[in-house]
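Both complexes below contain subunit A, partnered by subunit B and then by subunit C.
This part shows the complex of A and B:
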C-alpha cells in the first residue's frame, strides 16, 4: 500500500481500480487488521495474567475454598455470599480485623503519598536552578528509587533492630531521646517504621515526575513575572505550583495506587504477618489466604479491595479533567 | 552569584530561599544517605561488630563478608536467575509495549478506548488478587500441555512482563504522539510498510522513551518479591527470595546480608544512574504532558 494508513483512510477511486481490485481488498484487510495484530501480544498477555485471574478470583470468592479443595478448586462447594458476609461482619473477629486493616492502610497511604509528594516537590523546586553539586545531588536522590526493594528494606530492618540497630543507638545511646530501647518492628511503633521506609523509597519517584513537569513550564512566564516584580517565593506560588497541577493529578493517582497495593515493603519489613499497627491490606489478605489457608475469604477480601479502588479511582478521575484525558488517550 | 532560572532575566534568589534550600537539601541528603552508609559500612565489618551495639565506625575493616556471601547461599545462581528473568521480561515487555503503543498512537480502530482503559485499569489491581488464580492457571496449563510455568523461570518472566506493561504502554503512547506524524507518513509514502515506518522512524525517534520504559520494566522485575517467593523452587529462586537465606535459626549474618545487598544493588543502581537522563526525558515527553 502506498497511501497513508492513518486516521483518515484515503478512499478516492482511481482509474483502473477495477483491475487492481483484489490487491486493494487484501490491502484494506491488512489496514483494518493491522492495529489489532499489533495489539494482540499485549491483549493476550493482559488476558492471561491479569483478566483471567481476576475472573477466577471473583469466582473463587463465592466458593468455600480451603486447602482441601485447592488441588481441584472447581469442586469446592459454593458458599454464595458467605465469604463476603464473613468479611464485612465487623462484629466478628475476621471482619473486625479487616476493617482495622482497612483503616490502617488508608491512613498509611494518605500519609505516605502526602509526604512523598511534599518532599519530592520541594526537592524538585529547590533544584530547578543550577548550583554547584546539583548533578551529584540529583543522582544521590535517585538512589533509594533505584535500589531493589528487598535490599533497601532489609537495610532498614537492620537499622530498626532492637539491640544492634542504628535507630535505637542514635535515639537511646547517643541522644537519650527515648527512655529505653524501643521495638520498632513490633507494636505501635511499627506503623512509623513502615511509613519511614515507604517515604524513603517513594519520594524520589515524585521528585522525578515533578522535575520532568518543571521542564514543561515556559520560561517566559517567569520572565514576565520577574518583570512585574514578583519575587522568587511568589513565582513559586503563582507560577510553578499552578503549572504543576496536571502533573500532580497523575502523580498522586499513581503514588496512591502503588502505595495502597504495595506488598513488597511490608513483607520484607515484617514477614508473613505484620504487627497490628502496620497490618496493610495486601499482607492481611496474603495471611488470610496463605497462612490460615482460607482462600475463599481471601478472594472475597481482594474483590472488596478492588471495588474500593475502582470507586476511588473513578471518583478521582471524574474530579480531574486531566485524568479524563489520560484515560481517553 | 548563583545562576538563575533564565539567562535573560537574571534574578538573584533571596536569602530566605537560599537558606531554606540549604537546610532542606542537607536534611534530605542525610535521610537518603544514612541507610546507604549503613549498608556499605556494615558490609565491611567483622561479625562481632554487627551483632553487638551499632557502631558508626567498624572496629576493623574486612572483606570477609564479600567472600563468604557466595558460599553461605548459592548467590551466584540466584544472580543468574534474576538476570535471566528480569532481562527477558524487560525485552519482551518493551517489544510488546512498542507495538501496542504504536497501534494506539497512530490508528483509529474499534475498541481502542476499551483497550486503553482496560490496560490502564489493570494498574490498580492489587497483586494479591491474582496471585492464587495465576498460580492455579499455571499449574493447570502445566498439567494440560506439559509446559512447566509454575516454578520455572518462564512463568516468572510471563508474570513480570505484564507488571510493567500498562505503565509502559501508557508512557509510550504519549511519547509516540510527540513524534511528528509527518515523519512516518513520509516513510510510508516512500514505500516502507507500517512496520518499516515503526522500526525505522518512530522507534529511533523515541529512543529516550523506550530506554525509560526498559529501565522501569527491569527495576520492577528485579525488585519483585511476592510472586518470586511463591512461584520459584530451589533451582529457579531469584535474589529477592535468596537473600532471606542469610538468616539462620541461630545467627543473622548482617554483615553478609549487607554485602550481598550491595552486590545485588550495584549493577541496577549504576545502570539506573547512567540512564536517568533518558528517564527524565522519557517522562517529560510521555507521562507528563
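This part shows the complex of A and C:
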C-alpha cells in the first residue's frame, strides 16, 4: 500500500523570507474569510428582514399593546404571560374562537394539501407519456399558479356571487343540482368555496414538482416491470410512488406550510371578517391584531402558531427521515 | 446533513410563520416640523364612484393650492376598505402623509393613538376659528372634553332614496315615514315584481350606521355613559333584530343583499332594479351611474312612529369626513395652510357640490347650491335629527365587531335560518367579548 503525503516545501532561510511570511498569512486569512464576507450581506438582510421583526413580534406578545401605545409600542406596559393566557383559555371567548379557528385551519389544510397532491400527482403521471398537445395542456395546467393571487381570487369572488355568479348559474340554472341558489361566500358553504380556490391555486405547484420528480425515474424500471406483467396501478404503486418519496416529502411540507399560513386567499374571498366556517388562523390573527387592535394578543397568537408549526415540521421531518432510514436499511 | 436540513426547514418555517408574527416596530418621533416646506402628501378617502372620479375632482383644487402657495400636494386616493389599516400602519411606522381624510366616526379611536395633531384654539385660529364649523359636525371630531383630532370637511346624512316610477307603478305617491309603512309599501312594490329595499349586508360600516340609528330609535345605545361597551341590553338586541328582520321576517331586503359589500345596492337602485335605498348623500354616486335626478325622490329615513325630531327619534348618524394633520408631518405650516384652503368657503362649495355632501362650514352651507329639495332633507336631518356615533376610543373596534355580528345575522337570514332574540344576543355577546378591555 502506498500513501502519498503532502510535503511542505522546505523553508529556506533566504533574505526576504521575513517579508514574504505576513503576505502569505494575509492571503490565507483572505481565503478563509472570503466565504463569510460573501455571506455577510445575506446574513444581514436575513437579520433585518426576518429575525429582527420576529424578535420584535415576540417582545410585543408580552406587552399590553393597544391603540393607546401603537405609536410608541416600546412604552406599552408589560403583561407577562397575560396575552398567552387569554389566547389559550379555551373556556373564554378569545381562546374558544382561537381553538375553533385552529381546528378549521387544520381540517382545511389537510384537505387542501391532500387534494392538491392527489390532483397534481395524477396530472403529472397522466402527462408523462408524450401525446399531441401535451405542451399546451401543461402550460394551461400552470395558469392558476402563474396568475397573480389577487386577480385569480377576485375572479372566484365574482363566480361565487349568489345572484349573478357562474357557480350558481351552472349548479342551479343549468344542471339543477341544487334546489336553490346557494350562498358560497357566507355561512357554512364558505369552507368549500375556500377549499375550492385553495386547491385550484395549489395543485399546479404539486404538478410541477412531481413532474420534475418523474423525470428522474429510469424508464428501464417500467419496461422491466411491464415485462414481468405489472399493470399500470402496480407500476405506480411499486415504482412511481416509492421513487417520488423524497420529492413528496419536501412537496407536502411546503404545501402544508403555505396552506396553513395562507392569508391572501381567505382575505380576498371574505374580507376582514371571514365567516366562522372559513375562519383560518391567518385571518383570525389579523383580526385580533388589526380589527380589534389587540396587537399584544395577536402577537401572542402568532408566536403560538409559530411554535405549533415548528413542532409539526420537526415531527414530520423526524417521521419521514426514520421512514427513509428504514427503507434504506 | 440531516441536522442541517432540519435546521434549514426550521428556518423556512420561522420565515413563513414570521409573516404573521411581525407586527412591525414604531416610534413616536417629533411633533411636526417644517423640514420640507414645499411639498405635502395628502391621503384622500374615496368619496366618488371610483378613485379616478376623486382624482378628477381633487386635482384641479390641489393645482389651485399650489398656485396660491407654491406648495405641491401629492395626492393619493385611498379606498375605504384600506384606509383605516393604512392610517394604522402609518401611525405605527411614523411614516404617514402630512394631511389625511378620516371617517368622522373614527375620530376618537385615532385620537387615542396620539398620531394626529390636536386642534386646539391656536390651531383653529390659523384656519379661521372653531366657530366657522357647524356644531353637529364638530361633535364627531374627537372625544368630549379633548381638543378635536381633526376638522370637519364633508358632512353627510342618511336618507331614503326612492324610485318614483316604481312607486307610481305600485300606486304609491309618497315615501314611507315609518317602518310599518315601509313594510306595507314594500309588499305592494313586490306584488309588481320589483325588489323593495337594498342593503349592504356584508359591509361592516353600513351595518353599524343602520343598527346605531335603530338602537337610537329604540332608546338604546351601544356604550354606557362612561364609554364601556354595552351591546347586549334588551333594547339593543331588539333594535339589531328589527334591522335584520327587514330581511329575515319582513322580507323587504332580498337575501342576495346579504353578501353585498361593494355598493352593489347603490348600483341596483341606480339601474332601477330596486325601489328604495337607505344611503348617505348618494346623489353624485347615482348620477355617475346614469340615474337622472328626476327619477328618484329623497325622504328622511323612516322612524318607528310619528315624525323625527331632535332628541326624540333619531333617523341618521352624523356622517362625514374629517381632515386631519399627521403629527409627524415635515411641513406643519403647509399642512395647516392646506386645511385652511380645503375648509375655505370657496373650496367647501366646490367640493361638497361635487360629492353631494353638505358643507360643515356654516357660511358655505348657506349657498343656494345646497338649497335644493334633496339637499334640504339632508341638511334638515343633520340639523335636527341626526346623532353622532359614540366618540369613544374603541369606536373603530365597535364598528368591526358589531358590524361583523350583523353581517353574520344577515347570513343566517339569507340562508333561511331563524334570527331570534337569542341568536342576536349571542352574536352581540361575542362581539362584546372581542372588544379590548377599556
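By our rule, the second predicted complex is superposed on the first by the 302 of 329 C-alpha atoms of A that agree within 3 Å, B and C clash if a C-alpha of one lies under 4 Å from a C-alpha of the other, contacts with A are read in each partner's own complex, and residues count from 1 in each chain.
To be clear about the criterion, a residue touches a chain if its C-beta (ideal position, glycine included) is under 8 Å from a C-beta of that chain, and two chains touch if they have at least 3 such contacts.
Nothing here was measured: the structure is a model prediction, and the numbers come from that model.
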Examine A:303 and indicate which partner it touches, taking first as subunit B and second as subunit C; both and neither are also allowed.
both
First (subunit B), second (subunit C), both or neither touched by A:292
second
Based on the superposed arrangement, let me know which partner A:268 touches: subunit B (first), subunit C (second), both, or neither?
first
Check the residue A:105 against both partner chains and state whether it touches subunit B (first), subunit C (second), both, or neither.
neither
Could you look at A:162 and tell me whether it touches subunit B, subunit C, both or neither (first, second, both, neither)?
second
Touch test for A:36: subunit B only (first), subunit C only (second), both, or neither?
first
Under the stated touch criterion, name the partner, subunit B or subunit C, that contacts more residues in subunit A.
B
Looking at A:94 after the superposition, I want to know if it touches subunit B, subunit C, both of them or none. Which is it: first, second, both, neither?
second
Just subunit B (first), just subunit C (second), both, or neither: which does A:141 touch?
first
Determine, under the contact definition given at the top, whether A:67 touches first (subunit B), second (subunit C), both, or neither.
second
Just to be sure I follow: which residues of subunit A are touched by subunit B in one complex and then by subunit C in the other one?
50, 53-54, 56-57, 60, 73, 163, 257, 261, 263, 281-282, 285-286, 289-290, 295, 298-299, 302-303, 305-306, 309-310, 313
Under the stated contact criterion, what part of subunit A meets subunit C in this complex?
50, 53-54, 56-58, 60, 66-68, 70-74, 92-94, 97, 161-163, 181, 183, 185-187, 253, 257-258, 261, 263, 271-273, 275-276, 281-282, 285-287, 289-295, 298-299, 302-303, 305-306, 309-310, 313-314, 317, 321
Within their complex, state which residues of subunit B touch subunit A.
2-6, 8-9, 11, 13-14, 16-17, 20-21, 24-25, 28-29, 31-36, 38-39, 42, 50-54, 95-97, 99-100, 102-104, 106-109, 112-113, 115-134, 136-137, 158-159, 161-162, 165, 169-170, 173-174, 177, 181, 185, 188-189, 191, 194, 219, 222-226, 230, 239-240, 243, 254, 257-258, 261-262, 264-265, 268-269, 272-273, 276, 279-280, 283-284, 287-289
Residue ranges of subunit A in contact with subunit B within the complex
1-7, 32, 34-36, 38-39, 41-43, 45-46, 48-54, 56-57, 60, 73, 119, 122-123, 126-131, 137-152, 154-156, 158-159, 163-166, 168-169, 173, 200, 208-209, 211-213, 215-216, 219, 222-223, 226-227, 231-233, 247, 250, 254, 257, 260-261, 263-264, 267-268, 281-282, 285-286, 289-290, 295, 298-299, 302-303, 305-306, 309-310, 313, 326-329
Over in the complex, which subunit C residues touch subunit A? Could you list them?
2, 5-6, 9-10, 12-28, 81, 85, 88, 91-92, 94, 109, 112-115, 202, 204, 255-256, 258-259, 261, 393, 396-397, 400-401, 403-404, 407-408, 410-412, 414-415, 430, 433-436
